[in-house]
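So that you can tell them apart, the chains are marked A, B, C, D and E in the order they are listed, and the count of residues begins at 1 in each.
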Amino acid sequence: MGLLTFKKGIHPPDMKFLAKEKKIRRIEAPKELYVPMSQHIGAPAKCVVNKGDEVKAGSLIGEKGGFVSTNIHSPVSGVVKAVIDHPTVFGTKVQTVVIENDGKNEKAYLDPAKQSAVETIVPGILAGGIVGMGGATFPTHVKLSPPADKPIDTIIINGAECEPYLTSDYRLMLETPEKVVAGLEIFMKAVSAKKGYIGIEANKKDVHGIFSKLLKDRDDMEVSLLQTKYPQGAEKQLIYAILKRVVPAGGLPMDVGVVVQNSGTAAAVDELFSEGKPLFERVVTVTGNGVKEPGNFIFPVGATLEFAIEQAGGLTDDAAKVIMGGPMMGFSVDNLKIAVNKGTSGILVLTENEVMKEDYDVCIRCGKCIDVCPMYLSPYKYIELGEQKLYTEAERWNVMDCIECGSCVYTCPSKRPMIQFIKAEKAKITEQRRKEAAK
Amino acid sequence: MKKFYMSTSPHVFSRDSVKKVMWNVNLALLPAAVWAILRFGMDAFISMLVAITAAVLAEWLFAKLFKQKIRLWDGSAFLTGLLMSMTLPPGMPIIFLIVGAFFAIGFGKAVFGGLGYNPFNPALIGRAFLAASWPVAVITWKEPTVGALSSISAEAAGTLASTIPVEAVDTITSATPLGALGQAFSLNTQGVIDGAQLDAVTGALSSKESILDLFLGNIGGSLGEISALLLLLGGLYLLWKKIITWHIPVVYILTVGLLSWVFGGKGLMDGSFLFSIFAGGVFLGAFFMATDLVTSPMYSNGKMIYAFLAGVLVVMIRRYGGYPEGVCYSILIMNAFVPIIDRFTKPKPFGYVKEVSK
Amino acid sequence: MDFGRLFVIAISAIFVNNFVLARFLGICPYLGVSKKWDSALGMGIAVIFVMTLASFITWIVQHFLLAPPSGKYDLTDILQTIAFILTIAALVQFVEIVMKKAMPDLYKALGIYLPLITTNCAILGVTLLNIKNDYNLIESIVFGISAGVGFTLALLMMASIRERLESAKVPKVFKGIAIALIVAALMSLSFTGFSGLIAE
Amino acid sequence: MKVLKIIKNGILSENPVFRLLLGLCPTLAVTTSANNAIGMGLATTFVLVMSNVIVSMIKGFIPAKVRIPAFIVVIATFVTIVQFVMAGFLPELNKSLGLFIPLIVVNCIIMGRAEAFASKNNTFLAAVDGIAMGIGFTLALTLIGGVREILGSNTFFGYLVLPQSYKPMLFFILSPGGFFTMGVLLAFFNWISSRKKEA
Amino acid sequence: MTLILISIVVLVSLGVLFGIALGVANKVFYVKEDPRIAKIEESLPGANCGACGYPGCAAYAEAVIKGEDIDKCTPGGKDAIAALGEVMGKKAGKQKTRKIAYLICQGDRELAPRRSEYTGVKSCAEVKLVGGGDKSCSYGCFGYGDCEDVCPFDAIHIMENGLPEVDEQKCTACGKCIVACPQNVLILQPVDKEVLIRCVNHEPAKDVMKECKVGCISCSMCFRACPIDGAITMEDNLAIMHYEECVDCGICAQVCPKNSITDKRSQERKIPVINEEKCNACTLCYRKCPVDAIIGGKPKEKHVIKEEQCIGCLKCYDVCRFDAIDLVKERPKTIEFYKDKKYNRTDGEHVKK
């Protein structure tokens, strides 16, 4: 059988060897945790604790602040030291609960028995504060609440992990595949989907083998081997690769009857329904040549990057760039006080030599960005338009369809910062649309 | 506290760079250039050296003059100089080469803002400028100094001498093969030679030996048009390095070949496919000129349209026009159409076309 | 009717002796209205339209008014310039008025380009060349259409290149018309490749 | 004083070719030699002056609606006169200018000056303006023609200028050379005026 | 002779023919349009040269009606602009005090250093998207010159210290830089505005001190010292100046411990005294005083400054035509008179009441 894939895309060196063989290690929570109230896309959660309140691992500290929003739970037992504004990876400061860990590790989990009935799955997921753990942090209960006219027939578990360096999903699937399968089962039950797929990239053949064995006797689930290519794990590309369905532009996977969930999310959902454990910790890969001992760890949400990197042996002398997430779509940070959140799949530290420092060069119109764009856009154009501030024109060139996978910049011989211009254009257009809507 | 680097995603890059691309193209041209030097001796070497030096100097001068980033050693000016000299016959007066290189770099490129913004291929602009300024010099061919072969293989020349008037043989054999063909046709229309004699010429030109000579490079002509084989090698190298895509060379060469076969002869379907693609720098144009990244279309279907139309133009100019080869102008003319082609070949983004429905 | 000859006339007018690039006719609108693709297209279509009509009408004026078939008198030398330019001016105005009423949509798209055409020397040039080359009525019309197409082609090429140059770092002194002239020069240089294609 | 200003306007600050960019068709087409350029310039000047004068005289009693056709007729009349004179006395020049003599009618400068200046000023000023603009046009044409002729055929008004060893660049007397020379000269004048502003 | 006759006949018949055709067409196909278009067209040269970028004068006329600038016609020159201006009524209104752009951030490279090495597009709008910018203070000026790029008058330049400087002469207050600035640290104020709070950092003092040496630490000293009610307020860890109230006395600048407030005339700030001999009792200073600190206002009554009440704004000094005001005594940092009550700005209004 040929490997499934989408059209175009790139083949960056996957660099996963750094942490691939490292077993997931559970880390004792740090003394102080900074739990931000905004760890998901959408409205921030409303803080429901005050300074001095006592919390236990799993107690609710933030309540969802809108439809697209979710709950936030304390990762440890201890005392709320303060509620402050703390920087996040986007440079803005958000409300953050500082919890002093008392080390007792008392638990206040949800009641697992209550959560398993079909009609309580979605509310249960909301109560457990589950979000998409691949990086986009979209609240899972929203994804699982499609409108009545869009029935879901298929759930895809995204185990592609196409970002170079990252191995957290790989280790998770390797070590606890049954949790992923159980999670998938819950998802399928929630939307009464008939079929479930698990998509695995070909550089993780061992995981594919494990799942094949696990699912041997099931005909409602299937594991698909995908070509190792970036961005194989992008929702629309994954759906196309496995089902050959095309998600319409501006649409969501539910428009073609599909919901895609990350493998980590599936495992978290299983833990929620079997143990009643809400989402407050996750597997994080700390990797890159800039840390001394790369590895995969379970960190509580709210642990600072400083702490996380410390667990991986600390920074090397030539560490120069810290990235939250993978190298293709992650965000660089300049402040190690920023906390790990529900979407932090990896922390990548690059060394001085690996950082691009030169200025970008002129466009020689080689068209490579066009050849690799998985959305069939013309990335080169967005710099021209961005420089001239022609935002409406950029909209006409479909800038809003860009998934910001970064393939264009990766492949560009001139290293032109297309993604940066695209982000600026998208921000401008969104602002403009909001203004027009307000009118 | 340590200062970290900050930037937008992505944070890793491929190892390509403009410099690498340009030097790779230069490298791909090397075998053909060396062959030209072997065939024509010092003349060819001096031509190339002068053109390249002048181009690099011009790059520096115009960058200073227009206050642009000076990019002497990224190989783009070098390439312009080399390509231009390869479209010209050996032994061009040095001053012409210098003027041509300056025009190519200055008004073919720098005036538009430098590398990346020029709508026309600068090397071809240089050549076309020289062809317009000193038309005679550009078509004054020289016999190769090394090797005993003339423009068409000796055997073919012998055949010709036995069938057509001597003065006609002289004009025909001293030119490039393509020029010879063109002259034969015009001599035919002038009535100097008759239909049968024309057949003899075309027959001799498209004989196996002649075509082998063409392919291997045992002919006269401009520096870069003499060895199809080595150009093909260079082109394959570029394809392998993924600097160019197959669309332009393949479509261009096929179009030229097929159309020449259909229209290039005396009657329909009478021309020689192989002769037409090996002669007159079609390979040089197909792999190195038409594919010039800056001045060719961005999208693959656009590239094919572009290459097809350029191919049509080559045959049109060769067969009915005033120039024997046509590669240079076909590409220049199509360069002017590139923005229009780009405009209409932009693909629909993913999700706008229903490729497979449920 | 000789289609071959008509074909030759058309190819000649569109490529070989392109009005703008080889004959220098219609330079003002060529440089003025080539900043944006849309206006270039509108202008081009309007020119094709008027050129065709003008070729038709001036041919009639020439052959029935100035130098009638009866051969009684020949006013070509004295009146041709005046008569033709008047005809064109009136024609353009007439088209404008009619279009405004009858085809308001088309007028909105093309109407604004119409006044500019009166003083477009390409139009007068076409009509004069028609007479000079002794074209018959059909040939005149074909010549008119193809001259217009050639003009439009050059205009569109120019417009698309200039749109691309918007983002280029053209030296300050060359910005605007100067760079457009350089582009025109290079384009014209490329089009010399067509020379000799058709012996005229 | 006003007269001087008008003259300065026409020749320098509002030079029809390099500043207003009017009448480019003949500017590019007939400037293959200085001779042709000056011939074209003088012919245009004549039409310009005469039409300016007539327009300024009749401006009072021409109704606004038929103003443009009336101007066209006036201009066309003078162009026809020029045609006759040229054909009669300067057959060579007439031949090399060819089509572009009747095309003076649609030269934007003439219409433009008639509308912008002559129809608003008195006859004397209109005449001065016509002369100034005409001289400006002629000078510009001669400049372009001169450059093209020297570079393109190594002569100036037919006389050899550079040493024989200079091989003229035919490019400059071909049509691309016309665009090119005009473009470079325009950039040159842009540069001069930008330097003036800075100083 | 016959030739001439025929010519005339032909020409006249042509003219008549076209005249009738056009006349009829005009009647039959009459369409109404904005009369101003015709007027503007009349004022244009009618050369249809296309220099304005529009395909002909009529097109340009229409564009003008729709709001295009009136100075696009090069052949028409100044006359055309004037004529168009008349039709469109776009003449410049009464000249108010000229405004220019001011930068309200002082955090240059040394006072507010970079917190990271930014590699990417050198533009403020772009750097803001990368973790909120590379400056220690995420509110301040990034100094990548988006303002410089958009300024059509070459009036704003990034200086060596990494901050833009506005050329007072060239700035026309067009506002383009203000729109372009993603940090909103540029504002328009009258060219003679003397006192400005130059900080926009809303963070608590602890953070600000780490980030910038001249940042507002919200100590409220300026607020307390300010003699005018509502001229300075404290909002969200930041002193905000309300420009319509501020009287430019500069006391706030004097008390600010972090030098976040600047005063162009800080050296001159003294308490003025009126020279009785020179005073003409013209009431100009009396009317100008924003805090009622000048006695007088009745005819022939020479003015006296109430020392305890004077805030040293020097408005009287500026306005006096008789050189009758001397600057003598140092002004105290806070003026006792206003300690417990603020003053409402008067600006001469009280004279009428």
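Some observations on this one:
Throughout what follows, a residue touches a chain if its C-beta (ideal position, glycine included) is under 8 Å from a C-beta of that chain, and two chains touch if they have at least 3 such contacts.
The shown structure was predicted, so the numbers you read here are calculated from the model rather than taken from an experiment.
With centres defined by CA atoms alone, the chain at the far end from subunit B is E.
Comparing the centres of all chains, each the average of its CA atoms, the largest separation from subunit A belongs to D. When C-beta pairs in contact are tallied for every pair of chains, the largest tally goes to A-B. If each chain is reduced to the centroid of its CA atoms, subunit A and subunit B end up 50 Å from each other. Remark: subunit D and subunit E have CA centroids separated by 46 Å (rounded to whole angstrom).
Per-chain CA centroids place subunit C at a distance of 22 Å from subunit D. Subunit A and subunit E have Cα centroids lying 46 Å from one another. For subunit A, the set of residues that touch two or more other chains comprises 331-334, 355-357, 417, 420, 423. Looking at subunit D, one finds that residues 21-22, 68, 108, 111, 171, 174, 176-177, 180 touch two or more other chains. Annotation for subunit C: residues 28, 31, 78-79, 82, 86, 90, 118-119, 171, 174, 179, 182, 185-186, 189, 192 touch two or more other chains.
Those residues of subunit D that touch subunit C in the complex are listed here as 21-29, 68-69, 72-73, 76-77, 79-80, 83-84, 87, 99, 102-103, 105-108, 111, 171, 174-180, 182-184, 186-188, 190-191, 194. Residues 114-120, 126, 129-131, 134 of subunit E are the ones that touch subunit B when the two sit in their complex. Note for the complex: subunit A touches subunit C at residues 384, 387-388.
Within the complex, the subunit C residues that touch subunit A are 166-167.
Within the complex formed with subunit B, the residues of subunit D that make contact are 167, 169-172, 174, 176-177, 180.
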